[in-house]
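After the structure tokens below, expect a handful of questions from me.
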Amino acid sequence: MTEKFTLGDKLESLAVNMEDSYYAFDRIKHISSRSLPSRDEIHDITKQLFGLIYPGFFGDQNVTHDNCGAFVRETLESVGSRLYHIIYQCLSYKERSDRHRHMASDTVVAFLGELPKVREVLASDVLAGYRGDPASQGTDEVVFSYPATIAVGTYRLAHELRKFGVPLMPRIMTEHAHNLTGVDISPGAHIGRGFFIDHGTGVVVGETAIIGDNCKLYQGVTLGAISFPHDEEGQIIRGHKRHPTLGDEVVVYSNATVLGNVTIGKGSTIGGGVFLTRSVPPGCTVSAKQAELRYRNRCDFLGRGHVTEFDI
Amino acid sequence: MTEKFTLGDKLESLAVNMEDSYYAFDRIKHISSRSLPSRDEIHDITKQLFGLIYPGFFGDQNVTHDNCGAFVRETLESVGSRLYHIIYQCLSYKERSDRHRHMASDTVVAFLGELPKVREVLASDVLAGYRGDPASQGTDEVVFSYPATIAVGTYRLAHELRKFGVPLMPRIMTEHAHNLTGVDISPGAHIGRGFFIDHGTGVVVGETAIIGDNCKLYQGVTLGAISFPHDEEGQIIRGHKRHPTLGDEVVVYSNATVLGNVTIGKGSTIGGGVFLTRSVPPGCTVSAKQAELRYRNRCDFLGRGHVTEFDI
Amino acid sequence: MTEKFTLGDKLESLAVNMEDSYYAFDRIKHISSRSLPSRDEIHDITKQLFGLIYPGFFGDQNVTHDNCGAFVRETLESVGSRLYHIIYQCLSYKERSDRHRHMASDTVVAFLGELPKVREVLASDVLAGYRGDPASQGTDEVVFSYPATIAVGTYRLAHELRKFGVPLMPRIMTEHAHNLTGVDISPGAHIGRGFFIDHGTGVVVGETAIIGDNCKLYQGVTLGAISFPHDEEGQIIRGHKRHPTLGDEVVVYSNATVLGNVTIGKGSTIGGGVFLTRSVPPGCTVSAKQAELRYRNRCDFLGRGHVTEFDI
């Protein structure tokens, strides 16, 4: 199929209409000499950081005792430089300031300095994954293939960057993990150590959620907001605490929804499918009363005595 | 690990069995001189279209006031040519016809001519995203990192192509967005302006769904079909209206399910987790009666007076 | 942005702290002369296998009657060699043994020999997809763009590898499909022919689930475990049957949850949103009693006679 196609004399009017549209609807264009940070670069940096915090599991997988020292130093210099440039861009795409160079530089050094503490917490997360899933064949498998590793690891890195006031980048990182895993954790959430999410698809953890140590969530769990207060001009008020707080050792089973600024006490368990908008004291198990099920037996010879027959 | 592995004398029988299988189960092969369109090419074209409709946000991010005119003209020619070839392939992979060349050519010009209108609607979607989410830090962040931008933007482009009768490609586009975001919007659905999906994972919008202006969906919402009529030979009847219609300004909260050809009236709100198979008049709020929850307090010293104690 | 950034005299202390962290929290490092198998290589091999079992649809799409014989032989040799090396790595990353070379070699030949049988089952899956979805425009579209093709196809390949005792790789394959589609099928599950999953996001099929022939699942369905017995030391007991068994021709509608080692009899249907922890005889339809809905009409002039007015 080598024939050529050209828009010919249609090109000019199509182009003019498109340019007009850029100026008429300009919220969704960014035409500027200060370009936005590259999403692809942010994803690549995240990958390189995973290589640094999980050496041998992610990124360059040939890390040996002989080359480890060189690997760490080269990776730190390389990812440090890339972080500097992208953080500077995140800070300055709207307006440039010399202040931004200093902020970027300070943030890189401080952020890299936090990574050993992040690793300590991630090690507790992986152990929680192994202990919490009977299908797991070892911690290597958890690190190497579980979606929680991507989702929770990316959240922990993004959360550090957000603490340092970096705009745009934390959310781009967690949304990439959301794309990959179906787990949507806001970089603003606070999550303790030993955290595990099994299966994970559909999990939402909102911006002001607080989760204690050694908690476990299953697929489809929402820790969300129930309503948004508005200011006098009808605009949503941003930033107030509107998501749940979970104490230590709380387990929330699949597809349960907990909404609003409520507290689930230490050691409590929320059953599958529960829809909850109230606080729960420590040490409780909350389960939905089994919905009444209707059985219709379509085969006369089956299930006598076992099923009640209703029409639906 | 440089040792060689070869199938040796096993190769021939493995190959013959595989070839036999190709002919025995031939629905899942496409061995033909008319090759199928490339999925990767369709994904790349979609990316290039995103660069054109969100300049500076997607694709080449270095669009400035100086190079914008050249950027638009070069992108239109480039994506126009790629669209022509892929649309021709979609039309002709089963049987070739000269008619297909004209159809492809006409479709490209008409489709590109629709893009300014598509941009106008997308601008309203982005604003709805910013206004509807207290965690959002600006419309830039919505465009740049929200899954709704990918899911709804891809749907709007695919919907245009479907209107022009292009086979295969629209669904490949929306399924790619589904892969990325967990949001599954059929290219056949009709969706008004100012549309926002928050979080999004698990959302399903069926082929014959109709959604008015300024509607909002949360994660896990299904607008689905309840049953499929069959013809006299037991085959499913395709194409009839079997999904819901939402009026303007309808909000459907997380994990709610609305099934069948029902109508949700203007301004109505469907609460989280509601399972609905009936129509709702305008201006209503529908919520599930809170399921009765059972609390079992595992710690004697806790929660006296706060929890009712049941065994589960 | 060409200015250079360097960590300068901060590098050494950052590097030393990171290295200390590697040894302090060593479950999440793999520093060894025996590197782990590459995830990217496993994903690429899976893609190549898809090209082999769905010729013309995946991978090299220019398979014609003239080049088909060469295509099959070259692909078998190429994928055979890659499989040999990666399976050897999966077997030997913890400890090397000459035995592993023989196991890898035998596994490759046996696995490739199973592919015609796998194709037969996949052909039945695709037909089930076409027959089960009124929005489908043909089996080509099902193969080419439906998430079930990726999710179920990858599961069937991974399940074969698991049967041959290959560690790590099966789970990496199904987790990649999970990333792409939101469908999480354990490689350990047993699933009969003619299997279809529509939309799919959020589906979880657990390790010891058994699914008969001609079953259909919708988005958000969990076939999960209800509790994990622990041994005397408080460790989870792994491997026992803890997930449901579905007879032939069972349909489970969207967001239903079936938990525990229960049996759903042949031909039974589980309705949308049902939460089930008991067995169901054959031929039954199980649906949740419609939750009582509360309607609050916010507009006086609307819906008189149509809605009951409650405050929520």
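Read from first to last, the chains carry the letters A, B and C; within each, the first residue is number 1.
We adopt the following convention: contacts are C-beta pairs under 8 Å (C-beta built on N, C-alpha and C of every residue); 3 or more make two chains touch, one makes a residue touch a chain.
All values reported here derive from a predicted model rather than from experimental measurement.
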Chain touch graph shape: choose line, ring, star, complete or other and state it.
-> complete
Expressed as a multiple of 5 degrees between 0 and 180, the CA superposition of subunit A onto subunit C rotates by 120
Look at both sides of the subunit A and subunit B contact and report whether the same residue positions are involved, with over half shared, or different ones.
-> different
Subunit A to subunit B: how many Å between their CA centres?
-> 21
Of all residues in subunit C, the ones touching two or more other chains | 182, 201-202, 220, 255, 288, 291
Residues of subunit B touching subunit C in their complex?
-> 1, 4-7, 10-11, 14-15, 17-22, 24-25, 27-33, 35-36, 38-39, 167-168, 171-172, 175, 178-179, 182, 184, 186, 188, 201-202, 204, 206-207, 220, 222, 224-225, 228, 235-239, 242, 255, 257, 259, 265, 267, 274-277, 280-289, 291
Interface residues, subunit B side, partner subunit A - complex = 52-57, 61-65, 68-69, 72-73, 76-77, 80-81, 84-85, 88-89, 105, 108-109, 112-113, 115-116, 119-120, 122-123, 126-127, 131-137, 139-141, 143-147, 180-182, 199, 201-202, 219-220, 254-255, 272-273, 288, 290-299, 302-303, 306-307, 312
